[in-house]
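The two complexes that follow have chain A in common; it is paired with chain B in the first and with chain C in the second.
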Partner chain A sequence: MATNVGPIYDPPSLAHPFGTDRLGDDILSRTMSAATLDVSITVAVVLLSVTVGTVWGSVAGFFGSWFDYLTMRILELLNAFPSLLLAMLVIAVAGPGLLNVVFVVALLPLPDYVRLARAEVRSKKNWQFAEAAKLVGRRPVGVLFAHLVPNSLRPLLTYASVNASQVAATVGALGFLGLGIQPGSAEWGSMISRGQDAILSGQWWVAGFPGLMIFLLAAAFHLISDAIADSRDQGGSW
Partner chain B sequence: MNASSDVVLDVKRLSGGFEDTDHQILPVLTDVTFSIRRGVSAAIVGESGSGKSITALSVLGLTPAGFSLTAGQIRFEGEDLLTMDPARRRKLSGRGLSMVFQDARAALNPVFTVGWQIADVVRIHQDVGRREARRRAEELLDRVRVPEPARRMKQYPHEFSGGMAQRAMLAMALACQPRLLILDEPTTGLDVTIQADILDLIADLKAASGMTTCLITHDLGVVAENCDQVVVMQQGCVRESGSCAQIINTPTDPYTKQLISDSRLVETS
Partner chain C sequence: MITTPTPPVLDIQHLHKEFRLRGTGRDRVLTAVDEVSFTIHAGQTVALVGESGSGKSTIARCITRITEPTSGDVLVEGRSIIKMPSRKLIDIYRSLQMVFQDPNSSLDPRKTARATLDEPLRLHTSLTSHQREQRIRELLAEVDLSDHLIDRLPRQLSGGQRQRLGIARAMAVDPRIILLDEPTASLDVSVRGQIIRLLERLQENKGIAYLFISHDLGVVRRISDRVLVMYLGTIVEEGPTEEVFTHPVHPYTQSLLSAAPLVEVGRRRERVRLAGEIPSPVDLPAGCRLVGRCPVATTACATTEPSLLNVTGSHRAACPVALDMQQVPST
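For the complex of A and B:
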């Protein structure tokens, strides 16, 4: 990442298409460098959350009894906290850092995934194909993971792509509050926070472009979710 | 072979019912008793609500929620299924006894290809690799007379007609090589010509593999043409059981007589 490559607070020009910030850093190159970080954190968070949530929720929905009861109480506990506040609390205790951010942000949508997977499996576990699978000698765990979970994936994935845009915004919000990854590293949220004073003095581009990127990333995930929803309407293969 | 090993399924004084809101059992089955000899094609006949399907589901351990058995025994090859431990019972399902449902398309998993599902069952019961399992699945589809098995393997259940799906279910049941195959109304809802095809197919497969079959139906015409042994049920009770010829020609029970005179058997014979 280039530092001090231009004059400070230079408005967008051919040399610096996104302008420069108060240290003279090129906003475009910082924005691009931050993209790898923000996109990979978002994808990692969603993958982690959807995987854990699907396994947890489908096991609870399939086997029921005390495990299901315990699961629901834990989810209610998680839902009782305002999500961003919870994330801030945990990071304040655990300290900033890439992995901590991923785990904490993954915790926020987890109850939704667990509930969704649980409801899907509960509604399908008495379907005939599940009973037929038992009849040909499958173990209950096999019925769950080979037959019921694949049948529940579409709503989960559709939700995951919508959720990814929320996650992108949350990661940005934590960065803005200085609770994200290491201070100083290029991340859209922390870049906005760096540029917030400059907005008042007229240098809109310092915070504006990173903000636009968060918006574009969220919009991109929405497009993916639309595509998944369309594949359902066309009677796709899954 | 002695007399007891000659019997595949022996149901003795089986009773059960649905629990109502006051925890009272409303009886659905009362003292159901019958046995099925090895190698025969048996049938359980009765109208809707006679308890024939719930008897079959009890044998398979798939009773619906709220239903419980209150008394009786279900012996499969001499072992009581009701007191058997779950792991042993699971081992029996598929290999020992298997079932073909009425609505074959609902019994296939909508998200996987038919070929994948049959190959999957092959792999549960036979120690073979993926490729060999697919080859055997294709062979099975060919055996149940599905045209173009190689192409059909790659299709999803929604691309199958009712009759083709029922054939695929038969292929899946055959993949387990069960000793007793229960067929719950396998031809209801199919065209008459396809009904006849499927019944012929079942008879041929039975002859080739030597398995015992138990057909559950309301159609006495189907029974008269295809079965050796008949159990007639009404309102949760067995009215009469015996060989097919005896029951069709010289029924002793008034309900059986009624059933025969109401069916089209009399007109055709």
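For the complex of A and C:
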């Protein structure tokens, strides 16, 4: 990252379209560099959470009994904590770092994915195509993963795209609190944090543009979820 | 056709299924299938008829162990499947298959026709992918589905095409017996005849036995060798199809046949009416299940449950009163 490329607290201009911060760093280039990090953390978090949640929830919903009971109690435990507080707590213990952030933020929406997958599979496991799959020679695990899970994915993915916008905001929030990845690296949340004092003294662009980026990323994920919902209405293959 | 020396492909012995209904106070017992026994021989079609709620579908579900029976035994080609661990059932499903009532829900909505037919071949045979592809096309041809439908999803097929695909799936492993659970009930009348003709042709070509569950008496009379009449979980009358249709003995069978508009009964017959509705199968009383609705019931009917009695040959009916009435004019 180039530092001190211009005057400090320079307002948006042709040379620096987003202005510069108190170190003279160009906000536009830091914002762009942060985009790679924020988008990939968000996508990694959602993929991890949706995968683990789908497998866990569908197994619990399909086999029921003690595993389902245990699952529900664990979810209640997770939900009993305010989610951001839980994330801060875990990072305070585990220490900051890219992987820790991904795992911790993935934990937050996990109960939702588990519940959703569990409910979908429970509602479909007595459908005739699941019974027919048994007669075709599938063992229970085969019925679950070859038939029930593929037919449960649409609501999960619809939710995932909505959830991705919340994840983007949470990643930003952790960065803002200095609990994200390495302090100093370009990340929208930590950039807002760096610019928060400047807002009061009139340099709105330092925190404003990274904030706008978080908003745009969240909005983009919402558009994806709308598109998925539309394709469902039109009877698309999913 | 009726009695062959070979062992039956399907032998149902005292099949019994109860559901416990949890409620306030004591649990109540719903008897869906009560001590039902019958056999089906190779290449034979046995029809199971009766009102909705008489336990017809539960019998099919117990035979395949989709639902676990409470007691009794099911022998498929001489092998008992009731005590078999469920992971061994895959061998049974090579001889025993089922066509479901509603192809809209029994086909996986996300699997193409090819994937639907490939699945049983992959799980039951050691064919190479090329051989399986060939077999899939054969199967489609056997059920009169043209090749270009092979990559269609169920929702891109018509109701009749879906049921043909359901039949092809059941045929994929060359079973000895197929349970047909009202295979035409969800189809348009115009398509029903085609499906029935298809089933008849497949039986002629391959010698498959059918358990045909239906309340369409016209179709039953046309395709089945024997008929079992069910009422509230028990068989009240059984016999060769023509015999039962022309000389029904049990008052319930008489009422069922006289209520069917499509059946030509051959001679003018009084409409036999039963009073009331089919009673609840929960906490069944002692005695004959039809007693409250029966035109010929006597006081004895309310206390002793009738068993199946011989009428002629293999024709049996569970009504001593009606049997007595039959025998009076013939002597």
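Please note the rule applied: the second predicted complex is superposed on the first by the 238 of 238 C-alpha atoms of A that agree within 3 Å, B and C clash if a C-alpha of one lies under 4 Å from a C-alpha of the other, contacts with A are read in each partner's own complex, and residues count from 1 in each chain.
Convention: a residue touches a chain if its C-beta (ideal position, glycine included) is under 8 Å from a C-beta of that chain, and two chains touch if they have at least 3 such contacts.
Values in this document were obtained by computation on a predicted structure and should not be read as measured data.
K.L.:
After lining both complexes up on chain A, report clash or fit for chain B versus chain C.
P.N.:
Clash: chain B and chain C overlap once superposed on chain A.
K.L.:
In the overlay, answer first, second, both or neither for which of chain B and chain C A:127 touches.
P.N.:
Both partners, chain B and chain C.
K.L.:
Based on the superposed arrangement, let me know which partner A:150 touches: chain B (first), chain C (second), both, or neither?
P.N.:
After superposing on A, A:150 lies in contact with both chain B and chain C.
K.L.:
Mind working out whether A:135 is in touch with chain B, chain C, both or neither, as first, second, both or neither?
P.N.:
Both: A:135 reaches chain B and chain C.
K.L.:
Take the contacts of chain A with chain B and those with chain C, and give the residues found in both.
P.N.:
After superposing on chain A, chain A residues 127-129, 131-139, 146-147, 150-151, 235, 237-238 contact both chain B and chain C.
K.L.:
Under the stated contact criterion, what part of chain B meets chain A in this complex?
P.N.:
60, 62, 65, 90-91, 93-95, 98-99, 101, 103, 106-112, 120-121, 124-125, 156, 158, 169, 172-173, 175-176
K.L.:
Would you tell me which residues of chain C are touching chain A in their complex?
P.N.:
Against chain A, chain C makes touches at 64, 66, 87, 90, 93-94, 97-98, 100, 102, 105-111, 119-120, 123-124, 153, 155, 166, 169-170, 173.
K.L.:
Mind listing the chain A positions that touch chain C in their complex?
P.N.:
So the residues of chain A touching chain C come out as 127-129, 131-139, 146-147, 150-151, 235, 237-238.
K.L.:
Give the list of chain A residues in touch with chain B in this complex.
P.N.:
Of all residues in chain A, those touching chain B are 126-129, 131-139, 146-147, 150-151, 153, 235, 237-238.
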